[in-house]
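Labels for the chains are A, B, C and D, by order of writing; each one numbers its residues from 1.
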Amino acid sequence: MKLRTIRYFFREAFVNLFRNGWMSLASIGAVASALIIFGSFLMISINFDYIAKNVESQVEITAYVEDSVDKLKINQIEYNIKSIDGVKEVVFVSKEQALEEFKKQVGEELLEGIENPLPNSFRVKVETPQEVAGVAERIQKIDGIEEVKYGKGVVEKLFKITYWMRLVGLAVMAIFAAISVFIISNTIKITVFSRRREISIMKYIGATDWFVRWPFLIEGMLLGFTGSLIAIALLATGYSYLYDMVKMNVPMISLLPIEEFYDYSLGLLLMGTVLGAFGSGFSIRKFLRV
Amino acid sequence: MQHIIEMVGVSKIYPGGCAALKDINVKIGKGEFVFLVGPTGAGKSTFLKLLFREELPTRGQIFINGKNITRLKPKEVPYLRRRLGVVFQDFRLLPQKTVYENVAFAMEVIEASPREIRRRVPKVIEMVGLSHKMNSRPHELSGGEQQRAALARALVNNPDVIIADEPTGNLDPDTSWEIMKLLDEINKKGTTLIVATHAKELVDAMKKRVLQLEDGRLVRDEERGVYCCET
Amino acid sequence: MQHIIEMVGVSKIYPGGCAALKDINVKIGKGEFVFLVGPTGAGKSTFLKLLFREELPTRGQIFINGKNITRLKPKEVPYLRRRLGVVFQDFRLLPQKTVYENVAFAMEVIEASPREIRRRVPKVIEMVGLSHKMNSRPHELSGGEQQRAALARALVNNPDVIIADEPTGNLDPDTSWEIMKLLDEINKKGTTLIVATHAKELVDAMKKRVLQLEDGRLVRDEERGVYCCET
Amino acid sequence: MKLRTIRYFFREAFVNLFRNGWMSLASIGAVASALIIFGSFLMISINFDYIAKNVESQVEITAYVEDSVDKLKINQIEYNIKSIDGVKEVVFVSKEQALEEFKKQVGEELLEGIENPLPNSFRVKVETPQEVAGVAERIQKIDGIEEVKYGKGVVEKLFKITYWMRLVGLAVMAIFAAISVFIISNTIKITVFSRRREISIMKYIGATDWFVRWPFLIEGMLLGFTGSLIAIALLATGYSYLYDMVKMNVPMISLLPIEEFYDYSLGLLLMGTVLGAFGSGFSIRKFLRV
């Protein structure tokens, strides 16, 4: 293929983009809408994951120390816990601290003058929340540990919920990815269809399949690219607006900061462009058979 | 004389059952000028469509330059078509392109150089007398102007064979004459010409070989023939 | 004689500047048969398009049956068109419909009864000699067959005026003659006919009124005229 | 308009539907996808609301009774609370019951042998969760009530969250409704565009605008109707699948049963049909001007 032919392809693609006026706009609109839909679900799904991680990371193990154990032994136990694989953080909570916290929880006056019944304890955070049961078991075996609690049952439930959140998020995202692909390729197919006569004429003049196809491919790419850019711009604006609103009004929920989406936008851009190009490239096929 | 086109036992039955051509056997030599005549629906357009592979024959073989074009792979078809210049009965101009761009497109297809395109296209448009409409789109042209634009596109690449399906159907007698003279000149330079037409006077005056179709059959093949009113 | 069509100082300049008609003044009486001749691009089709409001004149007034059609409201245009039967130069058949359906459509538009449609449509298709192609779609027809289908559609509603733009451009001389005779018969029953054509012989033979356009001007208006080669 | 003309319109619409083959399929597909998207958001939004209501309905007021108050007075207090406007349910919790529950929460052994420090109390549920503050205030004023607690602060936060959940749900739904409308009308516009020549020919033959428009309108209606049916079928299948899965695997989350969506499906069906009809009816307009 000659360089001038490539130049011709690009010129042709651009010229057609403008000559087809609102048809091009309609395609760009379709790409943009489809990607806004997919992008929204992507964002929701990623935020689901983020919130799930947040919740999971709050899971911790409480290891109660036997009353008989002295200061030195406690240091030793702390060291032992720390050296368990997967332990991220160990905090010692003395009898006194525990009472203070308990008083705050229950109400000071109720416990006034009662002898402190609470033991010393460690609060242990693990690296991967799913390992909590294993780590708890190993802590249990350490000499001087009376009892280990990690919300057995509740933690499993929590993991089940977060697991399902993630699974449903992914499944829904996959479905909507498919729908988006369908909407984009569908629209492009119809626009190519409405130019089938043109395509057949080109073939009758002696154009090869690829000579007809390339400008369409490039045109599709440009449509897809423009549509994706619009989608990304709208998504970014919408999300940062939502983010600020949520941050101001519902400070207890923390959404993923927008910066985390930069890589994903590149993915969306690529998706739109590739779909535009291939949508055109494939739809044209059956009209080339003349 | 070498045969550039040869049809052997060609029949064409359209899906639906219409037998448009029945057992056609014909040889056309290099550099010949052939008129294809016959009443409406006789199969003239079908005959021409077989040559540039718009349609495939139901039976029989067609050779162009000795090559059997009924056996062409889809990939080879464009290269066949490039050696033929076709004026379609329904023009088939690209609706979004101007006359200039339509003609230039035929050259872009064969990857001609931009300089060559800029040189040749206006010349051919001038030849068919359409210089003043160079930048008009097809829908802004009169019927005759569209027809001449289609002719210019067929001529522009100096093809071996020019196939013209009623190239003067929308033209007044004077302009038709000019177009015929132009085709005759091109023929004199060695291009083979096959022209389907209803223009009795032109056929009679030109005294070229005449192939007459009637109801799908080749009923007459006459050197220096006339249109002939009765068969 | 009552004038069914009257043009007063009509000019048409297309966007882009092409002056297709220049100061046309013409009166056509009820029941007349008028040929519109002139070289390609002279403005014949434009003249006809003005009559059925495909185009509006840039200047001047057009009266049909005494009514100024340049002042019609969009709502009134369909009713104007129903009184005219038009054969378009580019046929304009509905691509998805068969010949029968295309012709029937013109009757459905005026809300004719299904019985009337079933009676009249085959008769008209027969008149143009297309009975054997009644159930074919336009793309399965030859050029001449499409042209006759378009003619059948124009005739089917017995319009006051028939406007035909090159109704024989794709027909052989014999079939053209038959079509002309058919039109003449229809004319004899009182229908006004305006036919743009390049068919010199037919015009010469029919001896009807001839309007000749040249470069947008009306240069000749002759009763019982001929096509005329030189002006 | 004559009856036979109406019959013609319907015949014409059906015939065109089939003659345009895959173009019709493409339109149906577009309507279906758009409504699946909108329907999903509708379902999510309604479930948000449902879950929010669920959570809100768990808000309750605890009213502690003065230690000095006797059995009779307690009955009187209960009666007084019940007669407050907006109170839905009142449950008496005796000192002993409270201790039992507390023991369960904190761990039995820690509180062994301690004198019960907890007072008698009432748990009060309100009809409209948002009224909880007002009701609490009025309970406070009743003679014999020592203290009223209803998670002041937490409840407000909760309402803020549920308020935002609802608002975001609605906003997102509105956005996606708009996108769905755009996708549907966009696709239909393109298909009508590809038949513009046909439309102009009909006009040249002498058809009135409405004669051309009616079959398109009916065809659009049929397309929209079919597309909506497909969307509803897929949504129903998908949702009941999700519902069962969630019910089995994550019993603590309860989704709205599918029966609740029957009315909404009718809405979707109407939306698809009307959009199809009007999309065709409007898009055709500019091609009728010949």
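The working rule: a residue touches a chain if its C-beta (ideal position, glycine included) is under 8 Å from a C-beta of that chain, and two chains touch if they have at least 3 such contacts.
What you see is a predicted model; the values in this text were computed from it and never measured.
Contact with chain A and chain C alike is made by B, D. We define each chain's centre as the mean of its Cα atoms; on that basis chain A and chain B are separated by 62 Å. Computed centre separation for the pair chain A/chain D is 25 angstrom, with centres defined by C-alpha atoms.
The centroid of the Cα atoms in chain B and the matching centroid in chain C are 29 Å apart. Shared interface positions of chain D, i.e. residues touching 2 or more other chains, are not present. Multi-chain contact residues of chain C (touching two or more other chains) are absent. Interchain contacts close the chains into one ring where each touches exactly two others, per the touch definition above. By the document's touch criterion, interfaces exist between A-B, A-D, B-C, C-D.
Note for the complex: chain B touches chain C at residues 14, 16, 18, 37-41, 44-45, 89-90, 136, 140, 142-145, 148, 165-166, 169-176, 198, 200-201, 227, 229. In the complex of the two chains, the chain C residues touching chain D come out as 52, 54, 74-75, 78-82, 84, 86, 88, 92-96, 105-106, 108-111, 113-114, 153.
Across the complex, chain A meets chain D through its residues 23, 26, 29-30, 33-34, 36-37, 40, 110-111, 114, 117-118, 157, 160-161, 164, 168, 172, 175-176, 179, 182-183, 186-187, 189-191, 193-194, 238, 242, 245-246, 249-250, 252-253. Considering their complex, residues 1-2, 4-5, 8, 16, 19-20, 197-198, 201-209, 211, 289-290 of chain A touch chain B.
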